[in-house]
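A, B, C, D, E and F are the chain letters, set down in written order, and residue numbers restart from 1 in every chain.
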Amino acid sequence: MANQVEEFNAYRAKMNDKILADNNKIIKRIFNLDTNAFTAGALDVQTKELLGLVASTVLRCDDCIKYHLESCYNEGLSKEKVVETLSIATLIGGTIVIPHLRRAYEYWDALEAQN
Amino acid sequence: MANQVEEFNAYRAKMNDKILADNNKIIKRIFNLDTNAFTAGALDVQTKELLGLVASTVLRCDDCIKYHLESCYNEGLSKEKVVETLSIATLIGGTIVIPHLRRAYEYWDALEAQN
Amino acid sequence: MANQVEEFNAYRAKMNDKILADNNKIIKRIFNLDTNAFTAGALDVQTKELLGLVASTVLRCDDCIKYHLESCYNEGLSKEKVVETLSIATLIGGTIVIPHLRRAYEYWDALEAQN
Amino acid sequence: MANQVEEFNAYRAKMNDKILADNNKIIKRIFNLDTNAFTAGALDVQTKELLGLVASTVLRCDDCIKYHLESCYNEGLSKEKVVETLSIATLIGGTIVIPHLRRAYEYWDALEAQN
Amino acid sequence: MANQVEEFNAYRAKMNDKILADNNKIIKRIFNLDTNAFTAGALDVQTKELLGLVASTVLRCDDCIKYHLESCYNEGLSKEKVVETLSIATLIGGTIVIPHLRRAYEYWDALEAQN
Amino acid sequence: MANQVEEFNAYRAKMNDKILADNNKIIKRIFNLDTNAFTAGALDVQTKELLGLVASTVLRCDDCIKYHLESCYNEGLSKEKVVETLSIATLIGGTIVIPHLRRAYEYWDALEAQN
């Protein structure tokens, strides 16, 4: 199961490199902003990662969900907090979110299996 | 082709079990509501399944489409009624819906092939 | 309250005339399809209007909701059936749909007040 | 400016009453879940309100944004934390979110003016 | 009718000033990117404005549509080109786009009436 | 890598044939409109393909992105123009678009590898 994590990260890294090598200024700056936005500010990093997770979930973007799940995991957030965040996303976004919830659970298991 | 149906249902069942075992109250109640909402009421079950199908299609959720296609099939709805529902979804949701229409047709064929 | 219905329809008719007078072929044909799609076929008109209503609601388009509410009302659909359709939309689309549900209730009242 | 807050809340309360008086079981339970989901659990109320705010903003629902802004305000969250949440929403959701950001700022001012 | 243009721009300018005065770095940079992205590059300004218009229309953001309609108008794009762009948006985005099409036509008339 | 292009087109063609063989009038006409809308009119074909690409990207439809990337490629549009279009989509649609940007880059490479 850990393979799912490795595969996701390898593809993500490879394509990000291609995109950034292309030197489109707008895209590079958006990637930059993405890094800056999730550093500690008025809100701490854990809260920001949960914000990223809930936004990704209601917008139903599996790759974005995986990315933020992994950051949540690495930041030491408990499964209870992550699931509570996902439950709010499912309530706000509706049952249309449930298939993404399934894949989120699967990815969380893969993150735990990896260590 | 029937395998597509089995695989979908096996994954769905396995992950639903994991999610429900986790005992998050909000998520459990949403799953519960989902079962209740599609039982007969002022509207009959067939009509409700078509409502679920058209909503899933305009929201472009392949897994939700598959789920409601299968319920439609099991409720004995004709392909004509299902396709008419999908045509309304394509008109309301636009050509962006067409890739989901392709996969819906493929899944319907798998449902028919299964029996 | 009936004014809300009249105002909505007057604006809608005036702007549709402008759009169609402009003679863009693609837009004219889409308007045409819109009329055809909701006539009786494999599905009856009432069912189709409920399909239009649920799709409009999960896509959170107030004007589309009003339009289909009015057609439902004119087709003699009971408030129970309409509300059941809206409840399915709220479950599938999530609590983000609730503000549109409020305006749908208000418009239905305006439709009833008008007669 | 405080009027904007009062008007919003008065309309919201009036229509919620109508909706709940109608006794549709699915809708009533969703309203109920909405109350439960934002009480303290693994996450505290402040964090949950920020989750509700960011989800409402990326989904571009003005009424939902207003509702969560008001809860954030009443929970004593600082403007800095609220704006940081809105900035993450704008990054994730894109410039399409900006018109909602304008109205969010206006509503926050109305909340402050009210007291 | 020209008032609609003035009102839109006055509100937009006033709230943008408030937002930018707040000095949130992420938001300021996104506003900056927004200006840069629509200057001439590999694509000319007219093409970029049509891209902005079609994206705003399929995402159903009235304020974004108004903003790009006005830029299109100021860049000297013909109504035929603008309407063709809107027709592609309506086809891709579906009939759910039509209410925004009505308001787009109204705003274009206001732009023409203003001069 | 060229296989990705062939596979995509083969599946697309096969399922389009099935859908059209089914003779649903609404769906057939929408397919027809789709062909007509992208022929030269007030706007040339290249511009229209970029409009299709940006709309598909902000709506986050991978298959639609692939389809328009391929048309852009066949119409002789430079990678610079295509990437500039994708950058506008990422700005307007937000970082939620980035996973689709990765797959768009991969597909463009497959298109180039094919020849």
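To be clear about the criterion, a residue touches a chain if its C-beta (ideal position, glycine included) is under 8 Å from a C-beta of that chain, and two chains touch if they have at least 3 such contacts.
In this text, all values refer to a predicted model and were calculated from it rather than measured experimentally.
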Set of chains whose contacts include both chain B and chain A: C, D, E, F
Chain F and chain B - chains in contact with each: A, C, D, E
Selected pair, out of B-F, D-F or B-E, that shares over half of its residue contact pairs with A-B: B-F
Rotation in the CA alignment of chain B with chain E, degrees, nearest 5: 180
Chain at maximum distance from chain D, centres defined as averaged CA atoms: F
Chain A and chain E: spacing of chain centres that average the CA atoms, whole Å: 31
Centre-of-Cα separation between chain E and chain D, whole angstrom: 27
Between chain D and chain A, distance of the C-alpha-averaged centres to the nearest whole Å: 23
Centre-to-centre distance between chain C and chain A (centres being mean Cα positions), rounded to whole Å: 37
Residue list for chain D, restricted to those that touch at least two other chains: 26, 30, 33-34, 37, 55-56, 58-59, 64, 83-84, 87-88, 90-93, 95-96
Topology of the chain contact graph, where touching chains are joined (line, ring, star, complete, other): complete
Chain D contact footprint on chain C (complex, rising order): 60, 83-84, 86-88, 90-91, 95-96, 98-99, 101-103, 105-106, 109
Residues of chain A that touch chain F when the two form their complex: 11-12, 15-16, 18-19, 22, 24, 26-27, 30-31, 34, 55-56, 59, 61-64
Complex contact set, residues of chain D against chain B: 25-26, 29-30, 33, 36-37
Chain C-facing residues of chain B, complex: 30, 33-34, 37-38, 41-43, 47-48, 50-52, 54-56, 58-59, 64, 78, 80-81, 83-85, 87-89, 91-93
Of all residues in chain E, those that touch chain B in their complex: 58, 90-97
